[in-house]
Every structure is written in C-alpha cells, then in structure tokens.
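This is the structure I want to talk about, given as structure tokens.
Chain IDs A, B and C follow the sequence of writing; residue 1 opens each chain.
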Amino acid sequence: MSMTRSSRLIASGIAVMLIVGGAMAFAIVWRPVIPAIDPPTPHAFDAALIKRGRDLAAIGNCNECHTVRGGKNFAGGLPVPTPFGTIYSSNITPDAETGIGQWSEAAFRRAMHDGVNRKGEHLYPTFPYDHFTHVSDEDDRALYAFLMTRQPVHAPARENQIFFPLNQRPVIAGWKLLFLRRDTYQPDAAKSAEWNRGAYLVAGLAHCGACHTPRNKLGAERVNAQFAGGDVDNWLAYALNDRSHAPVPWDADALYMYLRSGWHPDHGTARGPMAQVVSNLSSVPDSDVRAIAIYMADISGAPTPDRKREGEAALAQARSPSQASQTDLAGATIYAGACASCHETSRPLPYGGVNLALSTAVSSPDPRNLANVVLSGVSAVEGERSPIMPGFADSMNDTQMAALLNYLRARFSKQPAWTGVEKTVADARRAVTVYLQTSAGPRSAPADPTQRDKP
Amino acid sequence: MMTLKVNGREHQVDADPDTPLLYVLRDDIKLNAAKFGCGLGQCGSCAVIVDGTAVLSCVTPMILLEGKQVTTLEGLGSVSEPAPIQRAFIEEQAAQCGYCIPGMMMRAQALLLKNSKPTDAEIRAALEQHLCRCGTHMRILRAVRRAARLMETADAAATTNRSAQ
Amino acid sequence: MNASLILDRRRVLAGGGALIVSFSLTSAFAQDQAPAAMPPPKPPGSLAATAYLDSWIRIDADGSITVFTGKAELGQGFRTAFQQIAAEELDLPFESLKVITADTKLTPNEGYTAGSRSMQDSGTAIKNAAAQVRELLVAEAAKRLDLPAENLRTENGAVISPDGRRLSYGELVAADMLHVQAQPKSRLKDPATLKVMGQPVRRVDIPAKVTGGAAYVQDMRLPGMVHARVVRPPSYGAQLTECDSSAVEKLAGVVKVVRDGSFLAVVAEKEFQSIKAMNALSSAAKWKESANLPNQDDLLNVLTHLPSQDSTVFQRSDPSVSWGESIEATYTRPYQLHGSIGPSCAVAQLADDAMTVWTHTQGVYPDRQAIAEMLRMPPASVRLIHVEGSGCYGHNGADDAAADAALIARALPGRPVRVQWMREQEHAWEPFGPAMVTKLKASLDSNGKIADWHFDVWSNTHSMRPGGAGSMLAAQHMAQPFAVPAPRPLPLPEGGGDRNAIPIYTFPNAQVVHHFIPAMPLRISALRALGAYHNVFSIESFMDELAGLADVDPVEFRLKHLEDQRGRAVIEKAALGFGWKSGQKAPQDRGFGFAFARYKNLAAYCAVASEVEVNRETGRPRLVRAVAAVDSGQVVNPDGLINQIEGAIVQSMSWTLYESVTFDDTRITSIDWQTYPILRFNAVPDSIEVHIIDRPGQPFLGSGETGQGPAAASIANAIANATGKRLRNLPLTRKRIKEAIDA
C-alpha cells in the first residue's frame, strides 16, 4: 500500500506539526515491550484454526506485501515507496531472530490493533492497522496460528529510508492520534448477517479502502471520500462508490464473479495489484467473497436510471462495435494491427481481450491504467490458465502510444478526451518497470476457461 | 506503398499500414526466420529486432515502423559467416525442430546488445515470452551464455583491430 | 536430381526376378537381428520390407552418393544420424553424402516415423545396406584387380589395393550393380574401429535453421503460390448450415472461397489477406452444433464407464508365494496436446492431373493412400514429399493440413496452395493424446517384496493415423464425407494403451488387463510415448508407494525386483550421477524422486532422478535438477541422444505439471497458450544431466520417447517426497499440490 504521491514539501511541513502533536504527551507515545516467548511449535495450534487463519490471510492479501519476487514466503523486504521515503515490509515468519517467532499472541494482536510491534515501537501505517484494528480477537488468533505455523525464514529487516523527522517513530503516535480509530466492528442490526460479514471484512482485514479510498496529505484515508478511488503503484484504484467510471454499473453478482474468478464479461480482467487480490480470493470460502460483494454493491448504491441507460448503451456498443472514427487514422491503424486480433475476435473473456467499450480503463478519468496495461501487457501466470497480452513498450514510442490511447478513448468511451496522455505514458513507462521488478504476485489472475456463452 | 528498412536494405512494400510486420517479412520480403506461431503475441516465434529492441512482429503493424530499422536473423549472419549468436547456437546444438529458435535468438541478441553480461535470471526473464515445445531450453540458455562470451571476444577483437590501425 | 532414373529402372525390372548375389561373410556383428527361427532369415530393420539395396543407397558414376530413408526428420536429428551410419559403413567422409528423406516418389516405404523406431528400422537398414554395398564394391574391385577381396580395403570413397591402386566407388559402380536384394547378414564394421558413428557430429539441419534458411514446409514459396486458410467448425460434428460468402469474395486479394459440405476455406494472394478473409468468412458462417462432450472434471468415471473390450495381456502366478494386506491406487491422465509451436502447414499443387503435396506428415505413403482416396484419384497420381515442420511429437495436425491443402488445390488447378492452420485451430482440432485411467493393486510378502500385482488400464486406441481418408478432417467434413475408421487397439509387444503396462520387474503373481475403449468422445491419436507415459507414471509412482510401505529406499526397492542387467546398470548410473543415497533426506521444501522404465519393454532404457522444490504456501513446484541415464544400444550421435533425453524430460515436466485439454459440453475450450499453458523459461530447471551407457555392437534402441514416462514419475515421486502427499491425477498442478498440502 503506498500513500498518495504528494509533494515532499507539504509533507514535511505537516510533519513538524506532528512532532508537536507527538510531543504533547509521553503517554500517547510510549508502549511497553511485550516479553519474548519461545517460538511455539506448530503442533501447539489446532488444524481448523490454522485453516481459518489461512483463509483470513488470503482475504488480508498478506502475501502481497510480505513476499518479494523470488523471495521466501512472508519473509518481507518489499520496498513500498511513499512520499516520505521507502518503507520495507517486515518478516512475519516465525523466525525467532528476524521474524515474529518471539511474539506472543498478545503482541500480535497489539500490532494488528494498535500498530505497535512487540518491542513497543510504533509501526508505519503502510501496515494498514487503521483497518486491521477492526479485526476481531478471534480472527487475530486464527491469523496468529496460521503465521506461527509457517516456515521460519531468517531474513533481517531492511533499513527503511525515511526522511527526518518521519524517521522518528514517535511521530507515528501523533499520526495515530489523528487518524487511527480503534474499534472492533459493530454489526448493523438492520442489515443481513451476510451484509454485516461483508462490512466487517471490507473495513477490516480486506482493507479495500487502503487502495480505493483517496488519502490526505498525511497519507490517511479521507473519511468523507470513502471508495472514491485511490492510487497504488502508479495504478488508479477505481472508485467503487457512485463515482465509479465503469461503463456498466456493478452489481453484487458481477462483483462476486469478478472477485472470485478475476474477471467479468461486462467489466474485464483484474490486473496490476488487483490481480494478486483476486488470486488470493479464489481460495477463500465462497460465502466470504459473496458477503464482500453484497456489502460493496449495497454501499455503492443502486445505479440511477441515467447510469443504467449508459450501461445498456455500452453493452449495445460492445455487441455491435461502432465504426472506427476517421479522425485519428494513426490510432485506428495501430489498433487494427496490434489490438484487434484479440480484442475483436468476439472471443469471450478472460481470454478474448475485453471489449473495450466495456473497459473501465478506457472510461477512467485518467489514462494511467490503460497506459500501464498497453505498455507491459499481461504476462502469463506460470503453468496456469491465465490471460496473456503482449506488452507494447518496445514497439510503440510515447507518441504512438498516446495516439492509440486517445483513439481508444474517443472510440470506446462516452467521456471527454484525456489531456497530457503522452506525459502519462512516459511516467507509466518508468513506474511499470519498478513495479514489475518487485511485486511477487501474479500480474494477472489465473482463470477458469470454461465460460463460453458470454458476449 | 511503404518503405521498410530491413537488414540495412530499403524495401518498397505494398501492404496496408495495419498489416503486421510478420507477414510483410515473410510474404513481401520473402524472409524465413520470423515464424508464425500464434499471431496473438503469446509464443515469441515471430520476434525480430526493431531499433535494437526485440518486438513481436505478429502484433506490430507496419505503421509503427516508419523510419525504423528492422533486423531479422538473416541480417545477423549467414551459414558461411555466422554472427556470434548464430555460432553459439550451432556450437551448443541448441535446436531440436528449431522452429522457436529464430525468435529466441533475436530476443537474446537484443538482450546482449543492452547487457553484455546478463545473469541467468536475466536471460530467463528475457526469454519468458518465448515458448519451445521440444524442450530445448537447457541448450538455449547455454547458447545465450556462450553468445555473450563470443560477442565479448568479438568486441575485444574489433577493438584491438581498430587500435592496431 | 535425377530421381526418375531409379523409378524407370525399377519398372523395367519389376517381376523380372532379382539377381541375388552371394558373398561369404566371415564375421558379423550384432546389428544383424536375423531371427533364429526356421523360415529363411530376413535382412534386418526395414530391409526386410524393402530389400533392394538401391532403394537405400545410390552411387552415381561421378561418385556422388545418396542415401534414401522412408523416415522423416522431425527435429530429432535422424538425417544426421543416418548420414553418420552410412558414412561409417561405406568408409566415406561424413560431408560427402546426401540423405533424401520420405518422398513417395523416391524413398522406400517405411510406414510412419513413429514409436522411436527410426533408428531401429531405418538406421539398421541403412547400416546393413551400406555395409553390403561396400562389400559389393570391394567384390567388384577384386574382380577388376584380380586380387582376393580380403586384401582390399576401403577408404575415403575408394577401394584400395595393398600396392596402393585406387578404384573410386564411382568408377566401380555399374548399371544395376546395387539392384540386388539385401542379404540377411552383413559384414559390419568392428565397433572398436568406428570413426564417424559414436561421435557427437553436428546436425546438418541446424545451420539453416539458425540463419533463416528455408528449413520448413512453412517456408516454402513456389512460383504462383497462393495462401489458404480453412474455417473450421466451432466444434466436433458441427454442420455448416449457411454461409453467404459473396462479401468475402470481394475482399482484397481473395482468389476463391472453397466450400464442400462443411469444409470451408478461402484462398488469397497474400497470407495476411487470407487471414482477414478467413475472419470475415468465419463471421458469415452459421453452424449447427451439438452438445456431445463428456464432463471434463470426471474423466475417471467417464472412461471407466464407457463400453470396453477387455483383455488380459499378462498373467503370471506362483501359488507358493503368500502375501499380506494389499494397497490400491488409481491414477488418471487428462487429454493432452502435441502443441507444436508452428501450426500445421502444407503446400499442394494439382498439375497435369497429378497432385503433389509437400507435408510434414510422419507417413508419406499412408497419407498418399488417404489423400488419393479422398480425392478419388489413383495413388500413383499423388505424390507426397516430406518437408520438415515444427516438431510434432506424434500425430498432430500435419496429415489434416495436407488433406486441406490437397482439397483446396484441387479447386485451383495449376496453382500451388499453401495452407497454414491458425493457433486456435491447431489447439482445438489436432488429435489429442488420449485420457487414461489406471488402477493398481499390490501386496508385499513378509520380506517386503512385491508378491502380487494387478494393473488395469482404460484407454482409447493411441493411433488414428491415416488409414484411409476418413482419418482426416477435410474428408470428414466434405459433402460426401468419409467415415472415421473404426479404432483398433495397437498390438503388443509395442502396444498402445497398454504400452509399458506389463511391468519390467519380476513379480511372482501378476495380472495386467487392458480395457480398450472404442468410443472416442474427443478426437485423439498418437502422442509421444503413447500409453507408456501414463503407464510408467502409474507403475513407477506405485513402486514408490510400495517402497514406502516396505520401508525400503526406492532405488533399492526397484533393484530388488529387477533382473534385467542393462536395466539395473541404468538405474545404478542415474542414482550415482544424482548422488542418491539410501535414507537421505532432501533439503527443506525439496524432495528427491526416482523412476525407471525400458520403453515398450524392448527399446531404450531410461532412469531419471530428480530434485523438486515445492513452495508450501502457493503449492508451486519447481524441478530443480534432473539426472538421467540412458542405454539405447549402440550410440550413433551421443550429443543428439542427450538432446533428445533433455528435451523429453523438459517436455514431460510440462505435461506432468501443467497440461490438460479443457472442454465444455460442446466445444474444446483450450485453444491457445492462455488456455493451455505450457512450460515457460522461469520454470526451467537449473540443470539436467544425461549419462549415456554406450553398447557398441548392440542393436540401436529407439530413444526419442523413452524419457517421457520416467521423467513424469520421477517428478511425481519427488513431489510426494517433498510434501508427504501422493498426487495421482495428472497434471500435478500448483492448485492440486496446494490442496494436498493444506488438506
């Protein structure tokens, strides 16, 4: 989870203010050491508890941040760039020396709940304890059982590269004072059990808002803009609320299918950081995925009649593609030669190439995601059925790619033209390279190939 | 009519600008090395070098090639005068049916142009888009490593020659 | 090339009674495989069927020498190996020979290039023919020089007398001198003196392949050639109900739309034009489909419930042996693809009422028969010429593409027509390697040895190669279609579904039953190693399960049951090369596995030891290293052999870990590399070592397919060793491994 890339200047100005806040009371800052324990043996945990922990860890997407490409599971070391410097994820294997082997369950729960490590140090909120604080003790216990039964890996933490004064951990206590709302989830009696389950998971472990809610200058989620869309690793995490730009409005069924299998015929295929999320969700209990879908669909509200009509129009366009516009001949030609062989074969998703009239990336307020995908493509998941798209970074220069992107926007969306596309492409070129080198997760989601009778 | 520069020669080509390069190379310019494997950008057998970088010619329309230099395996060397990469593949006997090999070689050549001493991981990463069904992978890796060594010696020789002149 | 000469001469001589030469043979090495039985001994290998020496070797007066083989080069390096063999026995420099491969006008009919038999059949024939030709040349020289043949030697294409007089082969050869029938025995080179054979000679085909030379049928360009694409039905049995092709006919470059029943194709001047036209034609075509496919997730029940013809192919019993409790296991294999990287392709031309087809088929003669039948032409008017294609690994789309090209070319007399399949067509329409089920049951005696063994295998046939037009898609789709020929089980000892079903180990009580399933819900045919892949996977997995039960090291356990000395040597060599130690423990998250088989129980021996790493969280397996040992008799080209075994291990690893054909109730859904993933470079092992046990003087044993089964079982055993969980359903995917670990 990275924070918004905002200007370093503003950040440090506000940080000074934080120091003041942090200095206000020692009591706010200080946390006791929790005594070390001998790492528990794997047999100390109940198998059913471990299994539940495994599912919860998948919902929490823990492996995405705590495993690096080519590295050992949960051994940490993933660089997370933030406006304040680079923070490295920690080793959460039960290694006594470098992992959490000496952590008691209470220490683990405190980290989840308060963002404080066993030694009493405040953790950077790149570890999303602003969400994990809502996780129930029971679930923390299962997660603890799961992690403590993983293979211990000796992997010392990498030194964070944070600028002063944010490299002073007590500062974080000030941040928490401002932004951390510690409470366990309170069910809403007016709603169904399923809805409540979904709400609990979304607010807590699944930490959807960490990506999909915009952040303020201090890197905290903006409470009044929940799910209005956020940034992560140069991807735009789409708005999930009524500001969604999906050409066809989402409903619970569509969300469920998408989260479960990584794609939906009316919306496309999960890519970027979302690929890892859906890849993890493919193994968790069905009921949890459904609960998340039901909750999310409900809070984003039923689409307005206008929105519905737009959705139907997009579906109609997808079924009978409009003629290529004559205004942008270069873009049209590139599309015909490089894209149409997959995107216009009427072959169903996830292997046919999304019909671009249905693509959120094309209708999105900025062209970043589209640029990312066209540049780096979607690479095969080792040995698994998964969509493949070749990247075009090496065959198109920024101008050519901008021509293509502008053409796609004009032909396949109802939205106004983008500006500064060429610069976005250039920026994306740089960012994509970094992301591809570090994240261990799949860059596309494995998918079942049995769907056929879809548009 | 379009002008296409391939292996240092200019060709006048009568093809629509959306025609993928692969077909122009095979049909119009009558070159053999770039192969049709999938036409979908999934297998790598059509790879050629454009301005120093490997691209999949089956998804590269002609319009993208204005003013660019295309190099195919034919442009690197010949049976009588093989380029280092070609020598390396012959010396390692890195082919079974060989259908995938030209694409592999162009990708490897592009890698070695940018990185003369690639690690094993870098070679594998570069070749990841390329499929070989015969299972010649071990030899392909060896051949790329050998090519790196041969190119180094060739470079060294070239430098010596230049300085001797 | 002056090929017609041979044919004409043969015609003249046909029925004229052969001149049988005889010359004394003082010694003969083991290449002669003449049976000891009473009927007159036959010459070895394919010489038995095509006995005239000039069918195999031609010497022109100018001294140029050509070797003919009915086998096709499929990327295994046969052309080079045959050239080595002939050069060796003829005492010629390797480079001075030319090898002509499968061509119905020029070469002997050697049926199919299949079953790892090329070295056995053709290699043996060429070796013996070459030796006998040499004898004839020496005899002729002896006559001319008036010296005893024993005093003459051959060197560098000439016979040389003790006083240094030289008579070149070209001078010696007279009109019909080589038109004689081969003898059962040949005077072969002493294996100790071999110069060209046994050397890692560089393959002759590689230079063109790495420099962009025309190396494949895909690279053919004949004057006036046009490009065709076929529009295949969307599913098996689909009928073309409607197709308005008028718009397609007007597209740029389109020459013709060819329709015959449900066979639909379009021809254009340029290749990309034909692809565009194919897409347009495909949109215009309406099909009637039917939902006939079985449940892909329940192949075990699907296969074992189809009607089957059961036969006990092996039975042994020793009532004196008693045993304890038995264990049972069921193994399954899905449908799997050949998955050639280059889609199938052929070029055909109808000229002067004669059809010529350039094809990468494995059997030019059987295919000629089938195409002639489809076109209702006399076989003599059809010529098939083998031109290399992308590696095929068995019966892929090659023959179908040849039929497509012939059918389209018939509609455009005079013009050469090149057809190449699209990727999706190759994936969906090639005949798959059949799904299989094996059920095993065995018990140990009180000494921990296997006392009783039961093996049941359910399978389709493993070859639907053209035996008649009905084997080919084009003929099946024509308005007057040819029926698919009735499938037959392939007879033992080679076998099809029961290939390698009979254990090579010695068990006092054993029974092997082959449940042959005639019905073929999916289109299937020969895939490299046929039934041996799954049978060896099953037997060698089960051997490990039993070794575990007996608490004996798996290698030791195998040796305890194996009498075959060459087999034992191969096992020991692989174990030694790997550093296998009884009771060893693999490093954390890793496992060691071992497996062994003799292909078909009569070809090459192969053992594979492997080290596999399994990621406990994701379930992802990785073959870290493999060490193989192989005994394929006398080795012709050691580097070629190593290349074959390396390739077999890597390919088998891909089959074993990743691959299965998918389908819904109507259509095949695995139609490209997204939906049918295979190995990519990130999963390639760190190292593969191949150790050869050379057996000079021993017959050639085919080795192209010997690695598939042992590699699969070795990997499966290593995964079991790493995880403590036994996986019995192929492929051993990440997901299945993860589920087993988490269970």
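Assume a contact is a pair of C-beta atoms (placed from the backbone, for glycine too) under 8 Å apart; a residue touches a chain by one contact, two chains touch by 3 or more.
These numbers come from a predicted model, not from an experiment.
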Graph class of chain-chain contacts, one of line, ring, star, complete, other: complete
Of all other chains, the one whose Cα centre sits farthest from chain A: C
Chain pair with the most C-beta contacts: B-C
Averaged-CA centre spacing for the pair chain C and chain A, given as whole angstrom: 48
Distance from chain B to chain A - Cα centre to Cα centre, in angstrom: 38
Distance from chain C to chain B - Cα centre to Cα centre, in angstrom: 30
Contacts with 2+ other chains: residues of chain C: 672-674, 679-680, 682
Chain B residues counted as touching two or more neighbouring chains: 19-20, 39-40, 42, 128
Shared-contact residues (touching 2 or more other chains) in chain A: 380, 388
Chain A-facing residues of chain C, complex: 279, 588-589, 615-618, 620, 657-658, 662, 664, 666-667, 669-670, 672-677, 679-680, 682-683, 733-735, 738, 742
For the chain C and chain B complex, residues of the former touching the latter: 74-77, 202-203, 205-216, 218-219, 221, 227, 270-272, 275, 338-343, 388-391, 393, 420, 422-423, 639-640, 643-644, 646-651, 653-654, 672-674, 678-682, 684-685, 687-688
Of all residues in chain B, those that touch chain C in their complex: 15, 19-20, 23, 26-28, 30-33, 35-40, 42-43, 45, 72-74, 76-79, 82, 86, 89-90, 93, 95-102, 105, 123-125, 127-128, 130-139, 141
Chain A residues within the chain C interface of the complex: 51, 54, 63, 73-74, 150-151, 283, 345, 351, 380-388, 449-450, 452
Residue numbers on chain A that touch chain B, as the complex places them: 70, 330, 333-334, 336-338, 341-342, 377, 379-380, 388-390, 392, 394-396, 400
